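Here is the structure we will look at, set down as structure tokens.
The chains carry the letters A, B, C, D, E, F, G and H, assigned in the order they are written, with residues numbered from 1 in each.
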Amino acid sequence: MTKDALLKILDDVASGRLSTADAAGALEKLPFEELGFAKVDHHRALRRGFPEVIFAQGKSVEQIRGLLEKLWPGGEPVLVTRLSEEKASGIVKDFPDGVYDAVARTFHRGRMPEKGRGSVVILTAGTSDIPVAEEAAVTARVLGNTVETIYDVGVAGLHRLAAAREAFDRATAIVVVAGMEGALASVVSGLVRTPVIGVPTSVGYGAHFGGIAALLSMLNSCSGGVSVVNIDNGYGAAVVATLINRSGK
Amino acid sequence: MTKDALLKILDDVASGRLSTADAAGALEKLPFEELGFAKVDHHRALRRGFPEVIFAQGKSVEQIRGLLEKLWPGGEPVLVTRLSEEKASGIVKDFPDGVYDAVARTFHRGRMPEKGRGSVVILTAGTSDIPVAEEAAVTARVLGNTVETIYDVGVAGLHRLAAAREAFDRATAIVVVAGMEGALASVVSGLVRTPVIGVPTSVGYGAHFGGIAALLSMLNSCSGGVSVVNIDNGYGAAVVATLINRSGK
Amino acid sequence: MTKDALLKILDDVASGRLSTADAAGALEKLPFEELGFAKVDHHRALRRGFPEVIFAQGKSVEQIRGLLEKLWPGGEPVLVTRLSEEKASGIVKDFPDGVYDAVARTFHRGRMPEKGRGSVVILTAGTSDIPVAEEAAVTARVLGNTVETIYDVGVAGLHRLAAAREAFDRATAIVVVAGMEGALASVVSGLVRTPVIGVPTSVGYGAHFGGIAALLSMLNSCSGGVSVVNIDNGYGAAVVATLINRSGK
Amino acid sequence: MTKDALLKILDDVASGRLSTADAAGALEKLPFEELGFAKVDHHRALRRGFPEVIFAQGKSVEQIRGLLEKLWPGGEPVLVTRLSEEKASGIVKDFPDGVYDAVARTFHRGRMPEKGRGSVVILTAGTSDIPVAEEAAVTARVLGNTVETIYDVGVAGLHRLAAAREAFDRATAIVVVAGMEGALASVVSGLVRTPVIGVPTSVGYGAHFGGIAALLSMLNSCSGGVSVVNIDNGYGAAVVATLINRSGK
Amino acid sequence: MTKDALLKILDDVASGRLSTADAAGALEKLPFEELGFAKVDHHRALRRGFPEVIFAQGKSVEQIRGLLEKLWPGGEPVLVTRLSEEKASGIVKDFPDGVYDAVARTFHRGRMPEKGRGSVVILTAGTSDIPVAEEAAVTARVLGNTVETIYDVGVAGLHRLAAAREAFDRATAIVVVAGMEGALASVVSGLVRTPVIGVPTSVGYGAHFGGIAALLSMLNSCSGGVSVVNIDNGYGAAVVATLINRSGK
Amino acid sequence: MTKDALLKILDDVASGRLSTADAAGALEKLPFEELGFAKVDHHRALRRGFPEVIFAQGKSVEQIRGLLEKLWPGGEPVLVTRLSEEKASGIVKDFPDGVYDAVARTFHRGRMPEKGRGSVVILTAGTSDIPVAEEAAVTARVLGNTVETIYDVGVAGLHRLAAAREAFDRATAIVVVAGMEGALASVVSGLVRTPVIGVPTSVGYGAHFGGIAALLSMLNSCSGGVSVVNIDNGYGAAVVATLINRSGK
Amino acid sequence: MTKDALLKILDDVASGRLSTADAAGALEKLPFEELGFAKVDHHRALRRGFPEVIFAQGKSVEQIRGLLEKLWPGGEPVLVTRLSEEKASGIVKDFPDGVYDAVARTFHRGRMPEKGRGSVVILTAGTSDIPVAEEAAVTARVLGNTVETIYDVGVAGLHRLAAAREAFDRATAIVVVAGMEGALASVVSGLVRTPVIGVPTSVGYGAHFGGIAALLSMLNSCSGGVSVVNIDNGYGAAVVATLINRSGK
Amino acid sequence: MTKDALLKILDDVASGRLSTADAAGALEKLPFEELGFAKVDHHRALRRGFPEVIFAQGKSVEQIRGLLEKLWPGGEPVLVTRLSEEKASGIVKDFPDGVYDAVARTFHRGRMPEKGRGSVVILTAGTSDIPVAEEAAVTARVLGNTVETIYDVGVAGLHRLAAAREAFDRATAIVVVAGMEGALASVVSGLVRTPVIGVPTSVGYGAHFGGIAALLSMLNSCSGGVSVVNIDNGYGAAVVATLINRSGK
């Protein structure tokens, strides 16, 4: 429930268009509504500024569909992440107004209005990091940010960073998505005055340990200004970037 | 060298008060200056918005003193972190205008002018997390932020968070410093619309692995909006918070 | 063999209804019975108060069926855990009095009589933790406990805990099933005066390490009163809860 | 927030006594209010049944003394754990009614009245595990339990367990303290119908990893009924045992 | 090549039945024979007392068949381990004198003559550990040992060990195969005066880490006389047991 | 930025041709300009001496085909690594001049001219290590080296090394590919005066951890002259060997 | 419990000499009785063939002295391991018939009579491994073995092994003590027909992890016949070697 | 064993000069003889091109002095590494012709004659990495290389690398010494056509794990041409660099 929707209810009460009993009925489900298998947190959009997001991994198609139906009535944007193509095929047809992105593995209905002090810039070190970056990009767009993406800027070819310079000037937050040795986050951070959110990816093999090498690299960045989210967590980086981009507006 | 100082030089050149040769002399050390054992990055304040910081751990008193002398002439603020009381005793007397903080283990000369859209709020879960929080607090203040600290807000007594509500409203960035199971970052993040920077601490024992338990807990936060820095890295959290607080100003 | 069954045999001996030879025949298999591939511990129900449980993972359908047949004659309840739907299909039809639960992946025949000082309350942090919680719930019910389940109580929306307050008052043991950062165990423990048994789950990704993050979080709980079982071990938590609930009765 | 309180707000809006903006502000804070039931926590002893305990490690003598003074006025028992002899020497003299135990590294004033359905039995595998066991024993006694200790019952000489049989019959909770391979918890649990709380200790070397070997051993116990606390956490085991011993009284 | 075969060649040379050139031809391949993809160590049986064994995992059916052909001519026994049923189906038919064991996943032709001072006793803690134990049993039999197996002797019901007492008296080496917490090796070792070879298995889940928990448990055995081989390495344990059983004969 | 360029900017400021703001903007970008020497990197082959290589894992067939087309025009050799047979089948037919190697999982077009001071010798410890060794061999050949391969030289039969002696004399770099305990790298290094590049492989099981055991073994080599690349990284070892073989020519 | 004992109980029940309740109590304790065969353990030396050994690490001087006095009366040999020079100084003077070895850090009184089929040969890879080897040597001698030691046989100089050949012929067990990459165990095992007991040592640095690298190396030995004890556990290796050397005598 | 030697044995058997038993004994030892080519190793300097080096850590002053005396007679250079100032004080005075370097913690007598195709360039990322770099530098100089050192070239200020460009042109091997996130090795390697040897250092804290973060970063370098030695192993890197620099001369 957005603040606008809340004010609308209160206005209706004030003007007598809505009884206090009906309003109470609408509001008391605010903290949560028992869905049986999940509790929908309608109050979240109000409290945190963005809607509940459905993490599809480990949920059945039925559970996801149920949540989508419960969450949509208010018309607030809804985002599903980690939605495999297989599961998506059982969902997309029921929500024709929604958009499925096979690379980002996201599905969403609606989008929050544009709101932010600048843009969210998303970089990847390699081609294989793109799906994680796209999860971040879709999330950031749904949450109302202007997004710019610059992919395949490896540490092994730093001159490619030159092309990103102007985008950096527009950014309020930079998301660096990198697997392998994850050094790009440090390098970028050393060049800018914008907070860098590192997303280590599981791209690598052997002593990469599914992303641990990149994670440790980013946590040990010798260049101040880097903070880190979980491996492959494009969604989480986008939420952090959104909160930064919005703050003070 | 801050941007203000740079513009001052260029103005003097434009107005003829300074010869181009003298200006070049002042500027040509911008990239870095060779100290023998270290390279001072004079360009950093200009490029990144904050001065080079001296990480004292593993440096000799002589090296620290040498760096302090090289960095000060321009009158820019200088910060030393991880400075043990023992080493500090060999340094403080030579820089009477500097301030040593024994809890934070920091030493600094000067302070950047206040600049930021709100305040940086720093929380700790327990009493033992305070030294790391103080490192963050001193750093943030030296970098020109308004800082508010709220200590000993454990997950085992969540009602204590109520007292922090108003501070949260003023914050553009919240730093949560926590050892043990590090759950406080998730809990706080679920209540606010401000980016939370988690600092896991090494406070704990046994299967805490010197901070790993808290680090993993924060990285796996189920509540969007948390990003993480290295264990005990109060300084790093403060830099991220500063960049967030300043951005757009 | 339950204590009741043992006393019945001894009464029959005392009253002359049963010869000592026949009684010896019934009792001499008490320590264990050799099945070739397994040893059935007939003495367990007597000694420990609950019957031997068949851990199906890694056992063939034939082995499971053989154990079910050997264990049933006495009419004592029998429980199979970690039984995949595929294996279950080869077993269920031969034991029409048994019940298979596809979510909990359990199969059982019979149930111990209700016995306990209160109820066993089982919580999950998220929807994906439910299968582990259901393994705990079925086990606890078969072992003769009253069970209450409250699912999807995340740390990111703590107000949802309010609904659990009354259940907590009825509990002699609370089982908290949580993946991700596993913070729910600490939070719940801080609110109650009942022992909390934490079950970390493998729900998560990246630096979650298949449940290690949640496990460490629970082991490092800063709120006294939490003890922990292995990752995804719903069965084990239910046994601990049963022993607590029964003790003194 | 009760429904009555909610209706009151809405009535005030309907009647014009409250502006919609103020009502929205009040409703936006709901999650904090929902936490209200935790607010009586000035009275932790009331809510959880035992007093706050001071973990001395990482705290200065001054901090510990300050906490002791603040917590005592009500006359409730106070317990300090992990108090080194060095720190204790600075504290004991100021609280002549307190008792310092150099093996357990505990200090306490007062003791809760005896309350429990049976006794708490504490075992160690070896001699070197005794300090951790004593921390558990002192804690359990201060919290009002009858405690029985049986030390040096190694897996390499299982016949020693025979001596513990009668104590097991009196126990409502058994604490097993063991380093090395930590197998004692499994062995004991296989013989009793009482919950076993395993405390792995850091006693060992090489591939023991400061207690990890014993911790993993206990978490993987093939004998149901074992739950585990952190390495060397005698205090935590005692709290769990206390909650079990007391429940239902 | 066995020592008997070598002496036969040398006798033929001494008696003139074999030319030195032909003998040299036969012997010069002793160190190894180049197969293109592998080098067959014909000298091994002579030097170490047992033939080269083919580890089938990671080898193609063609490679295994090639090695089997190269190794057989001398009539020495040949053993293949880790041979999946799928691969075996492509091999068995070509070597009708060989024996495939689907549980042990072994294939062998021939068997070394019985030779040893006693028997090799193999125990498992659970039913799921049997495949590893059978790999050990087949290997030990092929290498000429008398083997006794006793399965499903768990630590959770130690009385089951009683049945093994007489076998222990006949053993020169005891192989203990155990997953979960792996405590059986310590327990058995505390009861006998025979070397115990521990084989941790990957049977377990969660914090078992594919056998690490059992491995660490065995390495930290508080009961002297246990040495350990790699996880699931039934073959390796059998070789060690064979060398012990044979030594001095 | 050269001093001349700096003076030019200042002259322009002094003469009013450049505003101080623009000059400041130019100077602020200094670090990017300093990186200018990397800018000719459209010509990686020129700078580093070998062409960009396509790491196929995690890339789609379309992406690989696109890269192959873009990289070929200049006629420089192109190499694809980690190309599964499945993906290769979708690529090979479009580039009939290319060569796919199913063991090495490589595809390449063209080959650099022979250039090097000696040969690159590649050894494996076992048969299962051959695919990694072949990746190294193909890479080294495409990059213009003479390659010699010697496979299945295990530590368990060191006499097999004798055959490699002459090859060692021709080598400027020796690549040792080994799984299991990885000891071969140390052993070889102790016999030669040529740099040894160790490639640990994931061949093993249990406490091998997918190659970690071999990796640690090589990193801890007690015999100077061994350096190491990532697990299974045959490609990387070949690049290092190439740079060594070429240097000074 | 024998069948006779069982019939006796039942007869007593039938005749009324024993109440059914008492009979049930007796039968419930069965597992304890089944463990009875371990009860003669007051005589560990009798059962296991060697005396109890005192692990001094973590024990006070008083505890060690007390144990020495209690264990000696029978005149059986007594061994103390891990006894630092500092602690030893407080003990040696009270037991003038004992021998302290500062390198091995052992103290012993008496020695078991020579008994064994051959000798125990102990090798080290380097000079720094000698203290662990000496712990093994002293232990083996006290336990009645003939011991031969050959030190500093590194993998980097394998020719030194030649000198060990004759000792290998006399050995019934070979103990290989090695830090760094621990490859010596594999190499030796490949040359002999005697069981090899590997003792990884903590000698190394960096990615050696206090002995883990050597431990993993030995566990993954590609050469059959190696089993392993804990890091730095010279004592444990000697016990295993003793049991091997003695068996069959 | 050459074929001639084999024929000689067989001839002796044929002629009766050698019994078949003795011949069998001789042939059984073949593997040892095959190792013969390593036997000239009394002359390690001859075989490997550099003298034996004494690793002082874990050796007593007496042992070091003894080795220095034994190794010097031939007048070949001798190098001691990891020699603490404390130990050095007991050694330096006895070898007045030797040189102790307190930063590198090395001591050496003599130096090999200059020999190499270019120079060995050694870089550090930070000031704290200098001791490891100096160990590499001293070692490389003693082994006869021209060495150039460039310190404090961090990834956070890449423009500092510009100064190293000319040195790179002279290098045949580049040693990159870096702690923290260790990214410098990748960055440098991307700019040059010279093999890069990465030396991760233990400089860092928290999730740096004593150098593991940097080690993993270097092993996962996305820029071909980097190989790695153990953490803090400056000596090892210098040996590799020496072998590269010398090869072909």
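Basically, contacts are C-beta pairs under 8 Å (C-beta built on N, C-alpha and C of every residue); 3 or more make two chains touch, one makes a residue touch a chain.
Note that the structure is predicted; figures quoted are calculated from it, not measured.
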Copies chain G and chain H touch via same or different residues, half shared test: different
Whole-Å gap separating chain D and chain H, where each centre is the average of the chain's CA atoms: 53
Centre-of-Cα separation between chain H and chain E, whole angstrom: 40
Cα-centroid distance, chain D relative to chain G, in whole angstrom: 37
Interface hub residues of chain A, defined as touching at least two other chains: 31, 43, 47, 157-158, 190-191, 206-208, 212, 215, 219-221, 224, 230
Interchain pairs in contact, sorted by label: A-B, A-C, A-D, A-F, A-H, B-C, B-D, B-F, B-H, C-D, C-E, C-G, D-E, D-G, E-F, E-G, E-H, F-G, F-H, G-H
In the complex, chain F residues that touch chain H: 30-31, 34-35, 37-38, 47-50, 53, 117-118, 157-159, 162, 165, 172-173, 190-195, 197, 215, 219-221, 224-230, 235-237, 239-240, 243-244, 246-248
Residues of chain G that touch chain F when the two form their complex: 125-126, 154-158, 180-183, 186-187, 189-190, 204, 206-209, 212-214, 216-224
Residue ranges of chain C touching chain A (in the complex, touch as defined): 127-128, 130, 151-153, 156-157, 159-160, 162-163, 203, 205-208
Touching residues on chain H, where the partner in the complex is chain E: 3, 6-7, 10-11, 13-14, 16, 20-21, 23-24, 27-28, 30-31, 34
List of chain A residues in touch with chain C within their complex: 31-32, 34-35, 37-39, 41, 43-44, 57-59, 63, 200, 202, 210-212, 215, 230-233
